[in-house]
Amino acid sequence: MTATAGSVCLEVRDATRSFGGLVAVNAVSFQVARHSVTAVIGPNGAGKTTLFNLISGAVPPSSGRVLFEGTDVTHEAPEAKAARGLIRTFQLVKLFPELSAVENVKVGFHLRSRGGLLAALLRPRAIRDMEAAIEDRARALLHLVGLGSAADLPAAALSYGQGRLLEVARALAAQPKLLMLDEPAAGLNGDETARLASLIRDIAEDGTAVLLIEHDMHLVMNTADEVVVVDFGRKIAQGAPDRIRQDPAVIAAYLG
Amino acid sequence: MDVTLIGQSLVSGLGIGCVYGLIGIGFCVIYNASGIVNFAQGAFVMLGGMITHVLLVRGELPYGLAILLAVLAVALLGVVIERVVVRPLWNRNAPMFVMILATLAAQIVIERLTYLAVDDQPKTLPVFTDLPPVMVRGIAVNMQALWIVAGSLAIVGLLALFFRTTRTGKAMRACAINREAAALQGIPVHSMLALAFALSAGLGAIAGIMLTPTQYTAFDVGVPFAISGFIAAIIGGFGRPFGAFLGGLMLGVVQAVAILFFGAGLKTVVALSILLLFLFVRPSGILGLAK
Amino acid sequence: MTSSPSTILRKAFPVPAQPAPRGRLAAVAPWLVAACIVGYALVAGGYPATVVGFALIYAVFVSGLNIFMGLTAQVSFGQSAFAAIGGYASAILTTQHEWGWLPAMVAGLAAALAAALAIGYPTLRLKGHYLSMATLAIGLIVHEIAVEWESVTLGYLGISGVPPIDIAGYEVSSDRAVLIMLSACVVATALAVARIRSSRLGRAFAGIAGSEDAARALGINVARYKLVSFLLAAAFASLSGSLFVHVVGYVSPEVFSLHMVILSFTMLYVGGIGTVAGPVIGALVVSVLPETFRSFRDYQDLAYGAALILLLIYAPRGLAGLFAALDTRRKP
């Protein structure tokens, strides 16, 4: 598979990570194209979250490389990768519990806004305008994920599913080039999942590549353009959802 | 510089280093059981010497009995702190910095109670054995320093035995490795935490009792000891009890030699410089972090 | 704000920002109480004015601490060191080198920031307890230096005869003038904290306080912002130290001890950590209620330490939380 550099957002080459004797991720390679949704699936403990952590920079790989927009970012810290436009959510939602929902999203605008101590203290016109714009857009994002009416509730008061959606809204605030969602549908009800699926499609059509780890096969089959299957740390299959569904290796991994 | 003088410093450095090491082990034991850095560690050291002094002088008890009672009393206090201060915060999932703050507040409360109950005068204890110093190549090694070194080594050995062979010791190590997994295996994690406080308080008390005859104790000596013990723990790789002991020895020796060159007034400055040096160059300590 | 490459936002129809429902009482009550206490001291003068003056200096100090502890959820035990650096710089430069109070204060600030940088840079990249212990140590070290470096600090004797602050030729030395000046400092400090809190900088701090992993994933450089927060706290500590020596006219090593650290934590938790008014109301209440500056000196630290433990366990939100609870809870 030779994709031209222009259409490839993320490339993972032979990513490997071992913890002690255990090889959690073993020489996994794949690419994520712009405008597309790529899903990583696999049984529990297959190494999906470790793979995610390797890509996002939370855990350094033992070997292999991660290329983002053609640049080697293998050893960059999470915040440096975020600044390049690689934004992730967490399997166990990590909200800012003391802040309201809308304030959570406003923190997400960090990379897309300016101003340090002087701007905070003097608060010139440009900064006031920026703050107003951030407020409006944060509320719009909450509305987009279906949390418009919960904007002023403290994040700690949201349900588990709402918290997940809030995390997605917060990630979108950073205007990612690659949005990485770690089990975004876990804990969501049917309506919320349907809304999330259409949102993920919209995000991809806007030009943001989406990489998701998901257990909800329905969501994966409905949204993903490309599916990567891992088991015991290895990639065992890759392809369009329809093909993956019939792949004997995949069926064996899931049923055996 | 006179070689004997340096040798003399090394000997006294090793003595005090053992004490730092024991305090450092105390930090690690609690940290491993709970992730908490107990800032009241210094209070245990101070109280060990102080309670022994009170029992000996005011209670007129035999020395050995006074020591035993003091160690038990301080170990009990460790459990009380765990129950009264740490447990409620632990149960409501308070952030780590709140727990650290609470243990420092406990340190202050103990300090002030001691001040009110005794006074602010420095207290000392008699040496364990009243014999003249042993001379080794012109270096005088006083008996108390030998007691400290021998006592510390014995304690470290017993601890190693405890962690390796006893059921409780193994359970504590399991908690250190993974608290949730330990709980799932039916290890009573809460009791382990109380035990860790008792153990580490007892260690601190013994360290304080052994050291007091060569120095002195007063209500406010705890915090500097706690800092030295903490530095020892960092040098050894935080969370490694025996690394902390080595770290304590290193710190004691370096500090003793530094005092020789710069004077005793800058003792804490030297200790902190070592701390900063390690934090800059090798924050994981000489042996690397535990886990 | 950079332009958005995304059209997602355009699809969502705009939602007008509603004014956040706010507890009026919760917002105003602490300031009213504070104003009453200061007003009483202004009228009464004398001893009450001295007590409230000290409280206002503490309000500046604790507000700085609040940036680091309340907004960023980090802990420092060595803020007294930065107050000492500011205070001693002001005292030494004005009495021994005939500097003006303002340049001396700025020099103290610079020295305090340098010290904070030296401590904070290596430790803030590590887990919280490294910084806590390093700051506890710097508190002791600065105390040790203040005692030992007798040729400059005069040791335990302390430095007396520090001139009062003068503004445009007017010497701020009467009880009331001092109170008014300090009140202005507190208002300016509170305003600064409020603005920081609701800015991009404050949101970065809040992100770190909420979840460091999430903050990093959103591009917030956690180590750098922790350092900024720590430097800000050190700056307010240094300024309050300078204010102290000019108001009292004297400085000695005991002024900036572990006692000061525990007292300031108690104030922070009494008033309400993380709020703008909390440090101010906490400093005033803790200073005024127990008649701090008289008889029971021996019991003070004991009381503060015990109160602090109780607050941490039973009332982690302090008076600010109490005011908010009194407020009729918003229910749409």
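In order of appearance the chains are A, B and C, and numbering begins at 1 in each one.
Keep in mind that, in the parts below, a contact is a pair of C-beta atoms (placed from the backbone, for glycine too) under 8 Å apart; a residue touches a chain by one contact, two chains touch by 3 or more.
Just so it is clear, the model here is predicted, and its values are computed rather than measured.
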item: Closest chain to the centre of mass proxy, which here is the mean CA position; value: C
item: Chain whose Cα centroid lies at the greatest distance from that of subunit A; value: B
item: Inter-centroid spacing, subunit C versus subunit A (mean Cα positions, whole Å); value: 39
item: Centre distance in Å when subunit B and subunit C are each reduced to the mean of their C-alpha atoms; value: 33
item: Between subunit B and subunit A, distance of the C-alpha-averaged centres to the nearest whole Å; value: 46
item: Residues of subunit A defined as touching subunit C within the complex; value: 56, 58, 77-79, 82-83, 87-90, 94-100, 103, 106-117, 119-121, 123, 127, 130-137, 139-144, 148, 152, 167, 170-172, 174-175, 202-203, 206-208
item: Subunit B residues touching subunit C - in the complex, by the definition given at the top; value: 37, 39, 85, 88-89, 94-98, 100-102, 104-106, 108-109, 111-113, 115-116, 223-224, 226-227, 230-231, 234, 265-266, 268-269, 271-272, 275-276, 279-280, 283
item: Of all residues in subunit C, those that touch subunit B in their complex; value: 69, 73-75, 77, 118-119, 122-123, 125-126, 128-130, 132-134, 136-138, 140-141, 144-145, 148, 258, 262, 265, 298-299, 301-302, 304-306, 308-309, 312-313, 316
item: Footprint of subunit A on subunit C - complex, ascending; value: 1-2, 4-9, 11-18, 20-21, 192, 195-196, 198-204, 206-207, 209-211, 213-222, 228, 232, 274
